[in-house]
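What follows is chain A paired twice: with chain B in the first complex and chain C in the second.
And then the complex of A and B:
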């Protein structure tokens, strides 16, 4: 236990010092890692605990970003209003859309969420009077906390990661609660769960709404960081990137979500130094991780730990 | 950078030494780092690759001529993959980690708007490969534009339509810079006596625009404007056997797009600046050097890359080696005679290109021929 506390303290110290010792572009990527962790967390909840493949997270990410952009730039309202508006719209949409489409299962449900993402992407593009279309909305103000302007990545980093930790706490609480037990029962055998009077569709819808909330929060945080939003940030490709986060890191593990977010933010950046073939290299890296580590990065860590314990046991024997 | 680009550059280095352009001179001291962002991959690659070629040739030439006050320049070129988020991340890296003294690029309007938020906030000198676009750019006075403002592109298209007595116009435009040019055309159409009978929009990088082209065909226009950075609408117009004259904005003028247009390129008229097959006298030296170096014919975006590096190098030289970013901005704001056109970066549109700079070329069998039509001063 003492050892565990020691490592938590070390991790916290590293987290607190990191943005001050790394170059600004790395601090920028750390901010994106935090934002993607929040969006990926929602996908991880659906994938790891409900067995649902959600390809619509860019929709809620976009709604959060556009709500923040529109409220602050077009209407001159405080940033908090944008966050709340984005969250309310996203959760309402997730509920209204989720009720009918979450009746589906497996591939059909994945295709349903993909359709939602494609429709939203088309609407973001067509409704340029609202979204600015491809040219987007620029000049979104930096967040201002009681006069302290978060105008640098090293400052915004702390805000983003505190929100990310809060979302992780909510997710952990949900998974460890009675609801979490029902979720796992539903994932492992929906027929058995239904026979125990678990409202499968209601349960799925609730988690889908939480996932949308996380997506919207991530989108609002992104808008205030980039100061610019356009349709190109909320395409189906972005939904696939979000899905990759739990797939690469490990869907049931919160550290796995962070590891997955690190993978999708840092790797393309480092590979881009190798020239125009960087997109092919990223694809190859992705295939390698999925084929060689089917349980994700955290699954591999778990296996290494189990191997160490087994080896220590055999040495003692 | 691809292997072929490296080989070409190696060739460029050798050729620069013997070209009439270069006067060998020694450079010494710490290189002056200039950052550049282009779309070398993705939907804007047809712009970004020629821009990069033009910039790298300018870098070699400037260094062969003694650099900036004896110090060599070093271009750090990054690819934004035609994505504004990536462009923003690259700009942060170049400005704050690589510590470049100035920024050139990016290739696309959305990325320019995104990066402008960082450079404007830091009063950092930047020359974009786009014309001034959305209203937010009007207040960004450290951001010069090497390509014409979208109002000028709109005027050039309408001037040509007027010259061929086309009064009913159909338009196919993309949602990026095409959207901004289209907004200007709407404002100007009446004054040119032009009626817009069909206006169809498609996404940047769209792989099929047949539906939009069919709607334009159904409206039976006298001429069709295509405003995009893509070959797709040209192919679709040809597939639908539309016989009206096609006039395209400069965005589709690079050979990367023309080669992809196939038969769709035939007889397309483009208001532009550099006709590599028949350059104007002040463009000839650049065109010859480019042909020797890359074994291909340069167009507008290669010249834009060349001019952007020269404008920035001149501004840095004028402001001095230890100048503040603001001082380089101030030094940049003035007249400059480039290969592309005569600029005046102190103009309100941060470009200052006169409408009479446009030349009008026609594509025949994938090659450009300069037409006699010019707009009077």
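And then the complex of A and C:
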């Protein structure tokens, strides 16, 4: 227990010092890691606890971003209004769309969510009166906390990560609760879960709504960080890279989500220094992780730890 | 329908494709009784079970549960009303521990909203505590203590069967539907299962038992024999065993 506390303290210390010691572009990537962790957290809940592949997260990410952009730039409203508007619209859409499509299972459901992302991406492009189309909406103000402007990556970093930690705490609560219990039961055997009076459809829809809330929150945070939003940020590609976060990191583990977010933000950036082949290298790295670590990076950490404990046990015996 | 029937099936008919799997099946399950359903493979026993528990909507006939029509209710609603089933192949939650499996059975006894669970309010925590206590007691009672923290995937067929029954019973059912509970069990385990059925029934749980195990069937007060979707004989086990049609179905004489 003390060693656990020790490591938490070390991690917190590293977290607090990090934005001041790294170059600005790395600090910027760390902000994105926090934003992507929030978006990935929702997908992780669906994937790890409901067995649902959600390829629509860029939709809710986009809704959050456009709501923040539109409310602050076009309407001159406080940024909090944008956050709330994005969250409400995303959750309402997730509920309305989720009810019918979450009747599907497996590949069909994954395709359904992919279709949602494709439609949303097309609408973001077409509805240029609202979204600015490819030109986007620029000049989104930096967040201002009681007069303290979060205008540098090192400042915004703390804000984003505190929001991310709060989302992680909420996700953890859900997993540990009665709802979490029912979710895992449903994932293992929906037939038996139904016989024990678990409302499969309702439960799936509600988790989908929570996932959309996280997506929208991440989108709003992104808009205030980038100051500019356009359709390119909310394509199906983005949905896929969001899905990769829990797949790579480990869907049931919160540190896994962060590890996955680090992977999808940092790796392409570093590989891009290698020139034209960077996308191929990223693809190879992805395949390597998925093939060699089927339960994600955190699953591998768990196995190494189990092996270590077993070895220590046999040494003692 | 007699006043004390917990379940009444009336003229149930169903077909898959062109095959009539059930033809005007009518019988009552008296409150507090043990009713058995026997019949060879393919006689329609499991289809009938799926109809009662809500997995299939029959093409004809009606089912009443405690005097109220049942067929329009969802599986979940039937469960909340106290009608719980087990499955021919035990359906345990494999990646969850034995204890968690039992906890899932308790989940329907409490109500929290998702928001309460997300924010971990005192009410949500209190309900989780209640669920844990109930599950703890059930593990003790069904002698699952030693297996408590094992993943359900590692259990033997007999242990899975008991776990499935424990998980169903912890939710306080009124009518327990047991689908082939003795399949895959050894003689000792079947004996154990028999004891449980008698004990649970003595506590007031009505039981509808589907099996082709004639030995286990002796616990039933009334037995109905299904043959190609029709009830061909009804009565207590001794009567059934003497019935020439049942002898023909089972023994070919």
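Assume the second predicted complex is superposed on the first by the 317 of 317 C-alpha atoms of A that agree within 3 Å, B and C clash if a C-alpha of one lies under 4 Å from a C-alpha of the other, contacts with A are read in each partner's own complex, and residues count from 1 in each chain.
The criterion applied here is as follows: a residue touches a chain if its C-beta (ideal position, glycine included) is under 8 Å from a C-beta of that chain, and two chains touch if they have at least 3 such contacts.
Predicted, not measured: the structure shown is a model, and the values here were computed from it.
Student: Using the superposition on chain A described above, determine whether A:90 touches chain B (first), chain C (second), both, or neither.
Tutor: Neither: A:90 stays clear of chain B and chain C.
Student: Is A:206 touching anything from chain B or chain C once the two structures are fitted on A? First, second, both or neither.
Tutor: Only chain C is touched by A:206; chain B is not.
Student: Name the contact category of A:133: first (chain B only), second (chain C only), both, or neither.
Tutor: First partner only.
Student: A:125 in the overlay: touching chain B, chain C, both, or neither? Say first, second, both or neither.
Tutor: The first partner, chain B, only.
Student: Check whether A:184 is in contact with chain B, with chain C, with both or with neither, and answer first, second, both or neither.
Tutor: So A:184 only meets chain C here.
Student: One more residue to check, A:196. First (chain B), second (chain C), both or neither?
Tutor: In the superposed model, A:196 contacts chain C only, not chain B.
Student: For chain A, what residues appear in both contact lists, the one with chain B and the one with chain C?
Tutor: Comparing the two interfaces on chain A, one with chain B and one with chain C, no residues are shared.
Student: Inside the complex, what are the residues of chain A that reach chain B?
Tutor: 23-26, 28-29, 32, 125, 128, 132-136, 138-139, 151, 153, 226-228, 230-233, 269, 272, 275-279
Student: Can you list the residues on chain A that touch chain C in the complex?
Tutor: 170, 173-174, 176-182, 184-185, 187-189, 191-199, 206, 210
Student: Which positions of chain C touch chain A when the two form their complex?
Tutor: 53, 55, 75-77, 79-80, 84-85, 87, 91-96, 100-101, 103-105, 107-108, 110, 112, 114, 117-120, 124, 127-128, 131, 164, 167-168, 171
Student: Which of the residues in chain B end up touching chain A in this complex?
Tutor: Residues 1-2, 40-41, 78-79, 81, 83-85, 88-89, 92-93, 95-97, 109-110, 113-114, 116-117, 121, 133-134, 136, 174-176, 179-180, 203-204.
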